[in-house]
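Next come the structures, one after another.
What follows is a pair of complexes built around subunit A, which joins subunit B in one and subunit C in the other.
Up next is the complex of A and B:
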């Protein structure tokens, strides 16, 4: 029993987590404890997840008053809710009465939020409506004294909703910085500049550390040759393209911990279907020929917004760490508003084939992450090597770096940012070349 | 015994339902099925008191967790349930 309690304490609280990660992160290598030590995870919750801007949902998921989605910021259950005034609020998902999880459905619409435990009800703005059988409270209860607790900071960029558990810190605008330009390349693929996460959702849990997912998601050009060989060969045989064509892409590290795989330099031949021709015409009319060329199908960047949001090929993907060695991944296809229906159908079919429940790519990736999590338990050299392209890494004064396809400058940049956050430095940039 | 018999026949209390407060738990419909029911939306409907006594109505109103049933003594004009609280001192 004692041992059981000790394990719980290690894994889920901040107690005794005075862990210095600096020595575990070297310029070209990182220590496997960063993925496996419960004390480091507890430290991450305290220093990182409770402080930084975390993606919690998209406006299109909750279009109407009373719409909500249930999410977590690391291990903290939250509720993202649109009030009657149209404003999006993020509440801690716990009843003010006895602490029960207030809302347990993933999503829905509720004019009144009712706790399943003792039936207390709250308005969609969070105020206490009815403490049940309240004759037992002699003077009654003040609604304001029992209002749901709000996550202190909420902001959004182009419908992407971010929340911060910290009342102070840099603005979302500062946090996103240059990454906004790449997010624009996703949203502007719609001729009206809007994306809707309306086509459904698939969720997977993997038994691995959360940091493995952004590393994996942003280096597909490298591991793709190996773990996705079957899927890529199949795709190439159908399309007549050569996978090597994609390897003129660039990888960026952006201040704030963000990573980008940039396909703008890649020459991609477009299929001349009627829908594609009509779609390209829409984009050219809306944005001009030069920008439209960067928005064409196949050119969308792969993006990681530190610490938990990704855009990959067809979808927005976010992660919620559940513990040091367990992570929830949520995949939501991004539908482009205002395009010919066939364009969105193509995105959906590609999404199903790659990332759906029977898709090739996601299952390859998550299987590899679980194997890695398992293998790093063994003794031996504990270091994981991240030295690709370090000799040719170009770093700018603001900390941005750029590398060739398959280089790892962006991943090294993310780890350097992680080190700063874990040491309490919340500034978005390096403040100079590393 | 005599008091109870008297209450059984008394018809002094009026009932009003506040549908916006109802959460559809159905305690009322379970207790006095001829008086209350839940409609297609799962919310309270009042069909008139029928042969329910004052005390039965009051007891049923008190079973509602959300105070969606208001009972007034029409003779004294006193609201019996939910209890009217004096405003809290500021």
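Up next is the complex of A and C:
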């Protein structure tokens, strides 16, 4: 490692520097090159984004045959499309003929996909229907030879659609592992167990590395004292609660790179509105009193599913790196199916008040990330410290760890997982105690 | 509507624009009716009753909270504070009755911070209540040209 650091400070060009990330990730600190080095980003695309399970959309965005959303896996344009058979396929969004982008709108419906360039058509299952003026091909064209290229693995968990560009690897079930239990706490807030991402989209872009956002989103209890002070004070004064009560929460690292801020241990007083009372009754009838208490408003965990999906308070949020220092973030409020309408209206208003470009919370985070991205251009001391709670971190045999509110065990766990992924180890955990 | 009233309506909109440019938050808030809606939709065609997340959907209490926050000195996007000037144009009186006036107007806003200049643009629809010879804003809808696109922080008045 000493040799490695010397290499970067003695005038060697970045292009010559190693993209081996191992030495850049220490138990209690990481090197800021992980956020700023284009060579590391290129390596991430190859080792991480093109291999792991990546969130690409939710079933409720494409309810009908032919519905699609246009997304990217890192820098690659893809199309998430529901075929006539109801099955969701993920295609590379380029025509098999001359490579033109097939669907260029963010979302839509295409019973038949027609390439705008030369009019070739494809079925919603990806097969070539008709190359235009095909008498020019002496033998004709075999439909199978020109089917749209599919992303090889697609799977979903409770409507969350994930895709992997790698034809082999661990299953989605293995990748999500224990995170499923926390995702269940999101979906089960609906008495029919379903959410819908049907209430619009906010998109923001920040000039910072993609990995900063999940770290930031999962340590809001700490930085909130400083950069969200106004919003926190306002929420506390309205609810009459003590901010420190909120710090009974626990933070989890879960094998697979996932992080959770768990509010189940926190006592939250519910407002006794008619809608809230009716809603809690629904939950108790469906799940029983004990579980219903964990599903009550304000209890939802903050979750990061490695590498690009988050659930925060009101919404699912996914990120898409546009380069080493630029990231697109998409916020979609999660509407609960089968609840009194007032419950969803409250989620919507809370969402607008906190997130999106004019919200009271998220803009401060993005400003901080941009300032950090600028500051790390200097490398006087290039290390970023992540040592909170390391002395009291409890790690279990399966690699899970749990810490107190404001500890950083989950972030350290995420970086350890990142190190393994970048070295080509695709297993969700390190195969035993850390 | 008399010509004099037409002038008064324009003067009201120009003054509102200047107060926003100059971060004069309390004076801006004083232009609003007690029961009001400040609305910035997240799509061009969104209607007020849609179950859709907007960029801003402020009733009176949220609007007061927004102003308190902008004034608090704790908004990072206002430190340093951006310099702003906007041009208001294409003002039309869409409707006028004894109780209120609805106007359409376009704006182009130039915003400078950290050695960078950004342009924001959109159409505002003001519903103004008549209060004697004066107006109060009952509703203001701002449809941004880029409302459906990724955008930077919007931590100022528009």
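The definition used in the following text is that the second predicted complex is superposed on the first by the 414 of 434 C-alpha atoms of A that agree within 3 Å, B and C clash if a C-alpha of one lies under 4 Å from a C-alpha of the other, contacts with A are read in each partner's own complex, and residues count from 1 in each chain.
Here is the rule we go by: contacts are C-beta pairs under 8 Å (C-beta built on N, C-alpha and C of every residue); 3 or more make two chains touch, one makes a residue touch a chain.
Keep in mind the model is a prediction, meaning the values are calculated, not measured.
Within the superposed three-chain model, A:239 lies out of touch with both subunit B and subunit C [touch as defined at top]. Shared-chain residue A:121: touches subunit B; no touch with subunit C.
In the superposed model, A:423 lies in contact with neither subunit B nor subunit C.
Comparing subunit C and subunit B on the residues of subunit A they touch gives the larger count to C. In the superposition on chain A, no contact is made by A:271 with either subunit B or subunit C.
Once chain A of one complex is fitted onto chain A of the other, the partner contacts of A:171 are absent, as it touches neither subunit B nor subunit C. The residues of subunit A shared by its contacts with subunit B and with subunit C come to none at all. Interface of subunit B with subunit A (complex): residues 21, 23, 25, 65-67, 82-83, 85, 88. The touching residues of subunit A, counted against subunit B in their complex, run 112, 114, 119, 121, 130, 132-135, 139-140, 142. Within the complex formed with subunit C, the subunit A residues making contact are 198-205, 227, 229-231, 234, 315, 328, 331, 333, 335, 344-345, 348-349, 351-353, 356-358, 360, 363-364, 366-368. Subunit C makes touch with subunit A in their complex at residues 40, 42-43, 46, 50-57, 62, 65-66, 68-69, 72, 74-77, 149-155.
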